[in-house]
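In the two assemblies presented below, subunit A is common to both, partnered first by subunit B and then by subunit C.
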Partner chain A sequence: MIADGPIPLRVHDIESLSPSLKRFSLTALHGGELPTAAPGAHIMLTLRGPDRVMKNAYSLVSPAACRDRYQIIVRHVAQSRGGSAFLHQGIRPGDVIEAAPPVNLFPLSQSARKHLLIGGGIGITPLLSYLPLLKARGARFELHQISSAEDVGVFERLLAPFAPGQEIRIHGGGRGAFDLAGILSRQPLGTHLYVCGPRPLMDAAASTAAALGWPPGKVHKESFGEAAGGLPFKAILARRGIEIDVGETQTLLEAIEATGIAAPCLCRGGACGECRLPVIEGEVEHRDDFLSAEEKAAQSAVMTCVSRARSARLVIDF
Partner chain B sequence: MTDQGIKSRPKYQRLALDPSGRHHLLLIDGPALSSEAADAGFDIAACETWIVIRRSAVPPEPILAEAPGAIRPFRSTAHLFSALQDRLARETMGLRIYAAGTEDFLWDIHGIADQAGMSRQELRFCHVGSKARRIFCVHCRTITAGVKTSIVACSGCGASLFVRDHFSRRLAAFMGVQVDAEAPGEVPDAEEIYA
Partner chain C sequence: MTLQFKPNETFRSDFAYGKSDADLLRFPFPFPEDAYMYSVNIEPHVRGGPTAAFAHVFDIDEHYVAECRERALVLAEDPKRCQVLPHMEMAEWDTLELIMESLAADYPDHFSLTKAGDLWTWVNRPLGIQQSFTFGEAHTLPYGPFEYITRQAQGDFTLQDQRDDNLYVDGGMVTTQADWSLEFNIGMTFHEWHGPVPLAHEKGVFDRALKYLLRLQYGRPVRRLNWTITINPRLDTSPENYPVWGPDRTTVTSENVGEKVHLRVELQTLFRLPRSNAILFGIRCYLASVADLARVPKWRRRLHRVLRDLHPEIQAYKGLPRYRQMVLDHLAPFDDGAPTSPGIQSDLDAL
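On to the complex of A and B.
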């Protein structure tokens, strides 16, 4: 298996976990073992919909030791990005999907004395890949999953294999009833925090941790690019002299890719910095975790996978 | 000879309070913070301070509160280190450690803090006092403490060791390499350079 070329996968099995959640098991199209993916890794799927090609990143939930299949859990939300809706409605067992090899931007720390895991909604997925390893190592951990009332049952079922004897809590009252500051303030020295979920949850976790004196190196965030949509705008690729319409439900990156141009990207969630492009003109609405506050204020670069234009036009040096 | 241009040679800075911390613990190898160890504005009252007084007569009931402004004396560095281990085992995230003293003192604290899972972002070190080095003999693995000269006899195997600037954080010691390995007996004169 060539590690950096695309991997053709066959949809082996689709399991409905709840009205909005499905688990997909994907096996190597030509049989054999898949490249290993450490806990926290994601794969980027190329989804060929009827009218456009979409690329979405999904965290693997299968244990790292499992080489015969990749499993992902996909949520279908009413106004979701096209890719997840397409997986829910347009994909059947036996279909072939292309994936980029797994990338891990959310690895477990090797030096942590304790791991504090906080998931919001579907943000549970990378945490699920951590649990087999943490249990096998006998590592100290604590998991909090924030959930809407209707999802409590499905999250309980997903966490049940890891629950005995462990500090695993599901908070069914949403974020309001969740005492983030209380949890963060009582963690022992040497704890690492991993938070995955909607942007407001991750922002709250990061700012609360910072206010309580957590050093930035011990706070790990995995973003999902959930807030992909926004007002439509025009992107001008200055070097190529072309003008692209970025639609309401599309990211800038997707709009560039839709023209057939390969743009740099890795995480598609505003975390890795790979998709950064220089801005010549226009105002960016920054939604990434990568650029510093100063860089954002300078308005000289855009992370195409999550950020959009605040102005009607955005001229990019690309 | 004094600057061998080696990157692992640790760099230190005058102590400045890290405002991002929630609790601050200041560890001093001596009875008080020397003026060269900290910035002028360093607010010692924001820290709980541990000092090493090197006397058996530790004041009977010192202020033992674990609170900013409290000062706790220790008889020796070993006494302070064991208390530090116990303390870090029950500390919560948000602690910052500031330490001022000799390199041995600083890197022993580094080792204890590392064991407790603290990262360099949570530690501030200022080197004051003797520049004497702790030397690890790469041949027999013995540590010779308090080395002030450029060449020293290993306290383990007796080899004449050249004191390198290569510092191991794990061993909290500088490396010592036999100086006459190629031409036995040809040992240059030792100079006192780490006073």
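On to the complex of A and C.
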């Protein structure tokens, strides 16, 4: 599959699961099958609010076999002025939303002997996408969902289809009553841990696992990836005498290309070295794997496909 | 698009193989400039490129039917050319889905795929195959899903599992290879299976390539070209069969060099697979004789210059020393010293 840009989706159905949780079913606007979305995958939605455009990532809860719709569950955070408030209050069935093709940075291991799943609050969402596959494969797994008292009911309903005969537990006493070290210490060799939830829970799980001697490759924290963009800045192409605005979600290379100038590039991922341009003035935030540590410290070159300016202005010899 | 296949071509014994004019002009000539050195020459695999070979997700050409028959012959002699480790089962189905959906979408005259839930029906008209099966249930296919679909595809394929920040070659269909062995390499890490390549490790090429590939995203495949030289249009130059093809190198003479010596190009593609998070690595092999390449003015000038100035360690790694001088003597009269355009395109509309 070669992705041809964003996927337009129609909001097919919005289901209220609890006072703060809604499940959205999104179907392909122009019909046909959506790209296969694996367990653990997320989609980045472009939400066009009344005064600004937001890009928010949501884990898919629909199984990979489901090619006719993507499903997400969104919690409405009381103080939110961002995506969750917009989805809860500003979106109706029939509306159209754009999504980037699914990305999976939280995949299931193919060689685990057992899967230990720990969710905190709305962090249950990627775990819900794992369960149909784990059940279908007869894989050995254990799931612990940490919950506030008021959410126990909704999590029970979401997990009920998978619960018979399985080790699935909901811990309604919150994080304080949850024996993380006890659960991690009694797992058999070959177990993989997957944890999704608030940052402190994921960090605690990772550090507890490390202290108990778990190999790092067997501990997986949910991730939507590093931010691709950054603060906007001005790039000055000295030889051409042109000033370019590089936006928050744009790379320097894309900003140069948007002016119609063909800049050198090849891999577009910071590996090949083709897009290297000399820097005359300004500080570079290096994000590539090509320049050596010495070259990065010298601040004399920038790889335009991934790196940005740390300063407000970057003058390039191009 | 309807292709005219050449089902009677052979890649062994009598080597009944030839290129039509159109097939030569779509050849993915591997040298973008007049000199060659290893680099991370990876770019996004978008639809379209400098020749028609880049137009589709998986390229099918006039040699398709004959290449599939050659693959079946190799597998009949040596079934271990296709191996997949047990934990790669999801990656097998991912591969089948990707190849079937891509071929059906890109070549609707030749392939079709219809689905009724998990019940799929696959039609491959060039090979005369119609197969109904249940997606996810291997016993409904005559071979495992990876072997089933790669028997119907041109070029080799390997499956890489991603774990512990590395890529492990944990499966493959390898019958058209440039002297490497799946049986020997299966289970190896990225650096282990690239171990024999000279110069590139020291340049950090594999460190950077691995980091790049670990980040490879679903829906954003990438590609690169690799090359070597093969005597005769032989697809199976495997270590297992070295006694069969190794002696070919001694048969090159100044009279037959143009027809015997072939530039072998691999259009390599890498796809992140959705369910398994594995990477599918396609190694699509193209062969063109020196005589064929000499019909394209830009390519004959550039091939002469690249081979003339090639680093001695790369010459040795690619097995050139025994006959390189004969190739140079053959090409030198065609190289008038004129400049060549950047990039690999032929600069010709017709021959």
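The rule is simple: the second predicted complex is superposed on the first by the 218 of 318 C-alpha atoms of A that agree within 3 Å, B and C clash if a C-alpha of one lies under 4 Å from a C-alpha of the other, contacts with A are read in each partner's own complex, and residues count from 1 in each chain.
We take it that contacts are C-beta pairs under 8 Å (C-beta built on N, C-alpha and C of every residue); 3 or more make two chains touch, one makes a residue touch a chain.
These figures come from a predicted structure and were not determined experimentally.
Asker: On the superposed three-chain arrangement, identify whether subunit B or subunit C touches more subunit A residues.
Answerer: The larger set of subunit A residues in touch belongs to C.
Asker: Quick check on the superposed pair: does A:Gly213 touch subunit B, subunit C, both, or neither? Answer first, second, both or neither.
Answerer: first
Asker: On the A-aligned overlay, A:Thr191 touches which partner chain: subunit B = first, subunit C = second, or both, or neither?
Answerer: Touch partner of A:Thr191: subunit B, not subunit C.
Asker: Considering only touches as defined above, state whether A:Ser111 meets subunit B (first), subunit C (second), both or neither.
Answerer: Both subunit B and subunit C are touched by A:Ser111.
Asker: Output the subunit A positions appearing in both contact lists, the one against subunit B and the one against subunit C.
Answerer: 111, 215-217
Asker: Which bits of subunit C are touching subunit A when the two form their complex?
Answerer: 39-47, 57, 87-88, 90-91, 94, 97-98, 101-102, 118, 136, 161-165, 207-209, 211-212, 215, 217-222, 271, 274-278
Asker: Going by the contact rule at the top, pick out the subunit B residues touching subunit A in the complex.
Answerer: 20-23, 88, 90-96, 116-119, 121-122
Asker: Okay, in this complex, where on subunit A does subunit B touch?
Answerer: So the residues of subunit A touching subunit B come out as 111-114, 184-191, 209-210, 212-218.
Asker: Can you check the complex and tell me which residues of subunit A touch subunit C?
Answerer: The touching residues are 1-3, 35-41, 64-65, 101-104, 107-111, 133, 215-217, 266-273, 289-290.
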